[in-house]
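What follows is a set of notes on a single structure, which appears directly below.
The first chain written gets the first letter, and so on, giving A, B, C and D; residue counts start at 1 in each chain.
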């Protein structure tokens, strides 16, 4: 942290500010500019983060030097984290596909979707049993019944299961059924939930909040890692901007930024990220080219009857076309000398 | 809902779209433009919201006509809701002040703050016992101990208590101590929590999510109202924008927008809304002039030692000055012929 | 500027960075942290701003310490600037009102509007002769003819004239007719235009760009001041956010922020700021309470036939009501001990 | 346009609204819902756009059905526009590369950059002679001298030239030297400039404004097309969001959205789009995979001494690596069955 003092601050005040910081066990260093003094603060960054120096007399502003997440950082673990989910490796250079409907609507719908996902070459079946919805009057999910259908679909197809957990009281039951627990965008800063999934003994996929900075997102991941669970995937799913044509603005630069800042694998969800099925294929391709470790794609046996998020779901024909395209591109990316993450 | 068909769509496809909607028990009406057909959809708006018509062949786009919240709307209840909290009325034309520290840090700090709040003329003492924090390494609150200090402070000062509840498992304990339950910005779409506070038997103050539209905010309120709890206050606390000088951008136009769209009382938090204590007074004044029913203000006996949010907290001297100014303005607003909400 | 070096940077690299900065005639100071080195850079801030240190080997990031505008800053001129426009003083504690239609549509429309503005107590008549419009097919203004109508209206009513200049080629002609030149939001960073109005010999009102930070806005003002024209007014007119209910989000915290950062007078435009005439009165009141020096309000003799921006224009009856309310509030604010800008 | 009437509006008012619209020569159609009336408006969309129906009594809101740009739309011209610049075809399936420094700084710097661009396989040399800068104290460009260096560099290397024109007074001189005129983000809605470049007899590359929606951008292009100049390229260069890690948020979904809405070629600028040279390669790859027709890349012989935008410029070694990677990917994309725009 660097403290910028107001122009013309007297020596006395500067000493008081430095004294206050040193009293907290940190070191200071004074830099004299042209009528402007800077104080560098040195020491444990978690402790620095708690100091309310902005309100001390004479302080004009405070510049943070480092982020306070640690376990999620590339410095902490220089090599990429590879998560092994029953033999499927995420983060190790192979593109992983998670596909399926937004919501589990019925046994038939799910099984049909699962067959299409498997035939298309996906490794994971996605599908919400617990659905967070903006309006209380929208379809809210089949809950435990949905989890059971997911488990049955796994039996039938061999696909792994990823599904969302929406509150602390259902972490245990979801962890009983799912291979990966998903924390949704609206819950990215539901810290009790983050702690709970950190103790659930399952890998966790943490979606980015619609207004979360990359730094806040990594801090949220830190809550999970801090409970001892290092199997965390980050999922970019679009941020909220002024643009109205797309439901969200998919921030693909976050993929490569995360690769530089963190060791955790990064998944991209072009379905929620755009809200338009016609944009899913080009954005899936772009995500692969940007270095994503996997894709989460909404697919529905019949989008026109979907109970939620129909407009962004691929139908089976389009799904197969996207799968073929992204697998081809992923193979090309690996074979090229100039791979993105080289 | 109005459905815009693509140019040149054939009659067959149009009929299929209309048939699909009518099969759901809704009515349709066809409007013929210049080579462009529109289909009006008529019926229950909650049912309309669930139709995935965007993915039907021939559909170009869908224009929603009405929002799907109902209990929170001004149409549902034309007169303003007045909430009576042990004799303090919120929403009835008197300005209500909620003041206190961001976090309950100690018995002494809280009691000192409570005395200042009471002497300044506040009706409510605020203070977080459970603190949601971006970083897991920041101070997280005194939890139950903090609630007990709050209850003691109520005994001593006669102030009512408002404090945040951060997850479903602590709703009961917080409801035991607090007069109003606060749901924070990060939890605005934590739907399980909304349902839980809807059944807790206490008034609820719902803060706006940092990236929530007014419509999403009213839908979130609808979750609470839908559980039978009609005592809901809305608190504007700034939204996230590109501007970096302020911590958030306080959206005061939301105050008057809410007054027109809803019957629920509106509180403004200029402390979080700006993140700078020097902006608290002008924004508090502006909020009163815009028609707010109350203010939530961070005040700390000694901001320079605060464990969280020091830079936006008023010290006791500034707090008294703000209180005097806003009370004077509120009295003027009531006396003037041309009151804002007339 | 403070330079944060990467962890583990070698002494050699640090010396090279410092050498490069010193070669530009600036001073450096080294601060040693825990495995992390900071370099403070001291000297002329305009020169510092041009240094591309981010790309030097070993540099992790650069923290700017001060903004590079100077003439617009409060440090440069500690007292508020008061602009005298033919006897009407702006910035001296009296609320100034600029009212009129979005566009000059005809002689009759303008004269009718001028009479209503004068009778309501405005000091300035606004009205666009040159209209920048999103679509090339929308009404683009009467141009020189419109300027002549404005001058005639000034003769008839005694009101001063403020009107927009949209490009360098029409600065002279607009300056011939107008008392204040307005630079619109879309042109806030049209630097040639800023320089041209800086030499036009007229006060200039600079509207905030829809995505401009306060810092960028003050830098844009600096272009005008730098040409020797110190009579600059800043006009907050809403920024672009994700909220869709209002056309823009009126950022009233910018009013008090500008009062602290700069000496220039601040005008608020609640009409463009909200895009809804029903929100104009509450936001005009809020602006006055926040300390604005003036208001720019769209009013039309008959909004339902306006050729542009009808939905946000007040009709004559509502205009009179708003005028009465804001004048009353301004008088109260001056009389109260606790004035906002005291 | 569809007009939503307020609940309970009387027949009289509805007739008045319809009468007003029909008086403008448009047709109306009434749709009766449950206590809610909708009026469909049919006719010329440019005329519809000028109607101020929101302010008519009884009108609740207005839903636009179609955008009012026409010449830029895919409906107007179903096949992609291919622009031939002295034999280099843009939009015809080949990836075009525009590379060079942000600003022309000197003859030597530019010639060195030009040689690197040519050797790397670029078709265009970019470089600003007129530089719009946030601060009046930053380097503003070599102006006409810079144009002459660009022309010399073209002679030497055979590269085509693209350079920015910042105001109407310099359109002619820039058009004399450049092969493509660039309109920068800050000038996207400088309508006089758009008209001027529409008459300049050169292809124009229109960069997206930092807060411009896709619709506004296409409307801006419409200004140029409307002057008879159909050789317009659109350049995505990032939008302003709350994210601070990147300078802007590169919106790659806009690439495919534009391909669906318009026939104009789309270029992507990953340098300004991210503001970090380490993100240029992954975002360039992603842009190609998303279907971009070309890339604009900042490259500097020695970024550490660049007078502007150093941190986002590639050095010669990285530039060659990026060129090799994107050319390889472009070749793969063409060869694959599953091309993005198929």
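Just so it is clear, a contact is a pair of C-beta atoms (placed from the backbone, for glycine too) under 8 Å apart; a residue touches a chain by one contact, two chains touch by 3 or more.
Worth saying up front: this structure is predicted, and the values here are computed from it rather than measured.
Trainee: Can you give me the shortest step count from subunit A to subunit C, moving only between touching chains?
Mentor: Minimal hop count between subunit A and subunit C: 1.
Trainee: Looking at A-B and B-D, which one has the bigger number of contacting C-beta pairs?
Mentor: A-B
Trainee: Using mean C-alpha positions as chain centres, tell me how far subunit B is from subunit C in Å, no decimals.
Mentor: Using C-alpha averages as centres, the distance is 30 Å.
Trainee: Find the geometric centre of each of subunit A and subunit B from their Cα atoms only, then give the gap between the two centres in Å, rounded to an integer.
Mentor: So the centroids are 26 Å from each other.
Trainee: If you average the CA atoms of subunit B and of subunit D, how far apart do the two points sit, in angstrom?
Mentor: Distance between chain centres: 38 Å.
Trainee: Residues of subunit C that contact two or more other chains, please.
Mentor: 211, 240-242, 244 - these are the residues of subunit C that touch more than one other chain.
Trainee: What residues of subunit B sit close enough to touch subunit D in their complex?
Mentor: 2, 4, 7, 29, 31-34, 36, 38, 40, 42-43, 63, 65-66, 75, 240-242, 244
Trainee: Give the list of subunit C residues in touch with subunit B in this complex.
Mentor: 211, 213-215, 239, 241-246, 249-257, 259-260, 273-274, 278-279, 281-283, 285-291, 321, 324-325, 328-329, 332, 336-338, 340
Trainee: Would you tell me which residues of subunit D are touching subunit C in their complex?
Mentor: For subunit D paired with subunit C, touching residues are 20, 46, 49-50, 52, 54-56, 68-69, 132-139, 166-169, 186-187, 189-193, 209-211, 216, 219-220, 222-223, 226, 240, 277, 303-311, 313.
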